[in-house]
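Have a look at the structure below before the remarks.
The letters A, B and C name the chains in turn, as written, and every chain counts its residues from 1.
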Amino acid sequence: MGIPVTPIQHQPKPVHASKHSGSLFNYTLKRAGQSLITVLIVITVVFLLMRLLPVEGYFGDGYDKLDASQREAVLKSMGLLEPWYMQLKNFYVDLFRGDLGTSIIFRPQIPITEIIGPKIPYSAYFGFAALLMSLSLGLCLGVFQAREKGKWFDRLGTGYVVFINAVPAAVYFLFIQLYATQAFKLPILFNKDKPSSWILPAICMSLGGIAGYAMWIRRFMVDELNKDYIKLARAKGLSNTDVMFKHVLRNAFVPMAQYLPTSLLMTIAGSLYIESLYSIPGMGGLLIDAISRQDNPLVQALVLIYSTIGIFGLFMGDVLMAVIDPRIKLDKKGGAR
Amino acid sequence: MTTKKNIEILENQALFELANYDASESERTGYSDYSYWGSTLKVFLKNKTAVLALILLGVLLSFTFVQPYLPGQRDPNEINLSQETFRQLRNVKPTSEFWFGTNSIGQDLWARIWRGTRTSLMIALLVATWNIVIGVIVGAVWGYVRSLDRVITEVYNVLNNIPTTIIMTLFAYMLRPSISTMVIAMCATGWLPVSRFVRTQVVIIRDREYNLASRCLGTPSTRIITRNVLPYLVSVIMLRFALAVPGAIGSEVFLTYIGLGLPLSTPSLGNLVNEGRQIMMIASMRYQLIFPSVVLSLITISFYVMGNAFSDAADPRNHV
Amino acid sequence: MVQSILSAKDVVIKFSLRGRVLTAIRGASLELYEGQTLAIVGESGSGKSVFTKSFVGMLDTNGWVESGSIVFEEQDIAKFKGDKQWSTIRGKKIAMVFQDPMTSLNPLRTIGMQIQEVVELHHHLKAAEAKKRTIEILTDVGISSPEDRYSQFPHEFSGGMRQRVVIAIAIACNPKILICDEPTTALDVTIQAQILELIRKLQEQYNLTVIYITHDLGVVANVADQVAVMYAGDIIEYGTAGDIFYNAQHPYTWALLSSLPQLGIKGQPLYSIKGTPPNLFNEIKGDAFAPRNPKALKIDYVERPPYFQVSPTHYARTWLLDPRSPKMDPPETIKHMREKFVRYSV
């Protein structure tokens, strides 16, 4: 639990659209509207919640050195003395122009977009490498587990999945950093010029994903295997391998497809733990810094970015599902599968 | 057919007489002494890993509560001083005096780990309980009150769309760290899946054919609920409860890691691991990371394994 | 004389369920004649499906054929192991149609592809030819505008239409034997007759031997040449439809027929069989039906009856056919039917 980069933690949920018949276009439109409303609600609520925090948070270390009138001047310059609805309006106007505000403590007076901009590539590189690894290895693991259901390979895989899911990520990340660096003579901290320093963080980042994909693809495949159409496919004379790949895997992949966009997008956001453990200058480490330095505008901006990415990912996932599953458009009942 | 005994039997003319027919006997041919909870228990006990996890958990839990009353235990926040030099006994490696060693200011790690386990478990159990209480209430209202269905569904969709971690982080950031704020932060979204599940169940109680049939035959609602719905509901709730514990412990570690954890004067598994992390690069002090990590992993894995084994066992499809 | 095409002898099938072993089929024997229609009847759980699944090697993974033989085309297919051996039989020589057409088709592939897959697999045709053949088959099973239907998904079909597609898949490679596992149970009554008619038509066109698995004696009376009655994993009576309907010998068959409303005598209450079928986890001693049979003999509890021959086409497993048994009067309904039988055969 805990790190937003681990893609598959939610229960597979029935697709909202299935309640309403209609074309794919209408569905996409409706779902887009829903997501947009969610984003607006989140932005508004987060912004208002942040206003409830004590104003000290906007001064950094200098709070005690200032007298009351100076404090007021600072607050005024930041627009914090206006009524809340005006502040909200200003915030939206700025947001519309692509301005997320300025940092106050982490890097005072620097626009947040400028702080985040150079960090995105690092998170994206690692995220992408981790995504590729977790997808390929996770799917392989899950498929073979489903094929070998109940045998030792399946048990081994299940053991791995249980371990990764049960033990908090921070704990095994620490031990990997501690012992793997020694065992394989790998650098302990990230250095963008040293290729060997890329290996461990990328592997660590994919561990959760591998477990997640393996678990779900195994579960979906086992579910599919018990269905009647598999009996018929076997009665047709198809070999086990054909049944597995042409029917089971294909169908089991459909519910998985829902999560792909989320994990793809979350790669940009990076992993909070890994980036800070290995000192990778990415987005995930930034959130931790911002929190520990109590830089309110930066925290606010990052929370907004993360939630927007998450919401957008779910939206894309639902649309992707509707595209690849021919039933969803016409089914009138909810989420029947 | 060909054995000697068989031939003897076949030659016995007396056998070709009508046997006594007992109508109740005919019912017994297919008789089964199936009972739901009995079978659940039986299937659960067959899973050796789960039984091991249960025993381990039982021992760990009871020890956590007994430990402070054992003789010769130290206070987890007491700073131990050397008897000769009166200096703090910092980073003492495990000895017969300090079983798990001491930390960087001379506090007994053994005592801190057990107090920390208690704190973390308390948080976890509170979170699990609250998630289920809120989830069941919201889910029941959601399912029963048809006029509220649309509203709650939309609210659910909004909340469910936001990454859980972000909501939790935001809550923890806004409230100052303490046990209760931590519980609130973790409960902020934890009840969502429970409420969804309960709502589905309520709808099923209303509409599933076998329940309608049962109702048509005059079965009172209370009996339908206790017999048809509750067993399944209870087993899934137990699963959620069991999985909420490793989840909450993980969240606690996470919040501590990003700097929103409990103060060091309230030892918890989260801040013990975090403390250990800060000095893990010194090989001789790694025990401060290893001991809490091992205890923590044992607890989370046990809960996870047990929860899953129980939900497998509670699934009637796995009953013979 | 009709030729035997498949012959099963003393087949025992077991399953292991969570460490316990269940005997699903207890030494059943069966003779299947070419071009004929056999109906296997029996209540749920009597082992009808399991028995026929063993003809195509489709027992669930926890089940196995313990002993006995199933001879088809001079091979003992009961000894078959693994996909490779079965691929010469399954789908190609012996095909199956399942009960529920709503779930029998892969929801994510077009029905055309699902039929074509079989055609390509067994006939080794190129895609274009295979498609042509697929459309022919669709026409054969009575689907109108097959070119358009070819690229549609299962959810765009009604239940009856889906069952036609399932049948199309089954006959796609000219099998010798078609096993229909309750093919009409999940369908509307009006559709049921259509499907039965379709299978009859295809049977002639493709020269099929058909096995129906059903608990609907109405269907049996309509379609069957031969009837096998199953109880608790055993075939307890076997004969032509006439033998079974008009000259039944086993008390279970009597009970089964007596509980048919159509055969009931006006003014008399309808018969129903008391009790429940035996638990297959327990060892069954003697005649499995004895505990539910008000007129069971003592020996029924001691020793399992062998097959007694009633006529060249008619066998039954009941001690009542032993010369030492007391003369037992069948129930009214059966007597009634026998009288009819005598009248007809004269």
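One rule holds in what follows: a residue touches a chain if its C-beta (ideal position, glycine included) is under 8 Å from a C-beta of that chain, and two chains touch if they have at least 3 such contacts.
Just so it is clear, the structure is predicted and the values come from calculations on it, not from any experiment.
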By count of C-beta pairs in contact, the leading pair of chains: A-B
Most distant chain from subunit C, judged by the mean position of its C-alpha atoms: A
Whole-Å separation of chain centres (CA-atom averages), subunit A against subunit C: 53
Interchain centroid distance [CA atoms averaged], subunit A/subunit B, Å: 25
CA centroid of subunit B to CA centroid of subunit C, Å: 48
Residue ranges of subunit A in contact with subunit B within the complex: 1-4, 9-11, 13, 16, 34-35, 37-38, 41-42, 46, 49-50, 52-53, 162-163, 165-171, 174-175, 178, 188, 272-273, 287-288, 291-292, 299, 303, 306-307, 310-311, 314
Touching residues on subunit C, where the partner in the complex is subunit A: 56, 58, 83, 86-87, 90-92, 95-96, 98, 100, 103-109, 117-118, 121-122, 153, 155-156, 166, 169-170, 173
Of subunit B, residues touching subunit C in the complex: 1, 6, 9-10, 13-19, 21, 23, 25-32, 43, 46, 318, 320
Subunit B to subunit A touching residues, read off their complex: 157-158, 160-166, 169-170, 173-174, 193, 246-247, 249-251, 253-254, 257-260, 273, 277, 280-281, 286, 289, 293, 296-297, 300-301, 303-305, 308
Interface residues, subunit A side, partner subunit C - complex: 227-229, 231-240, 246-247, 250-251, 254, 325-327, 330-331, 337
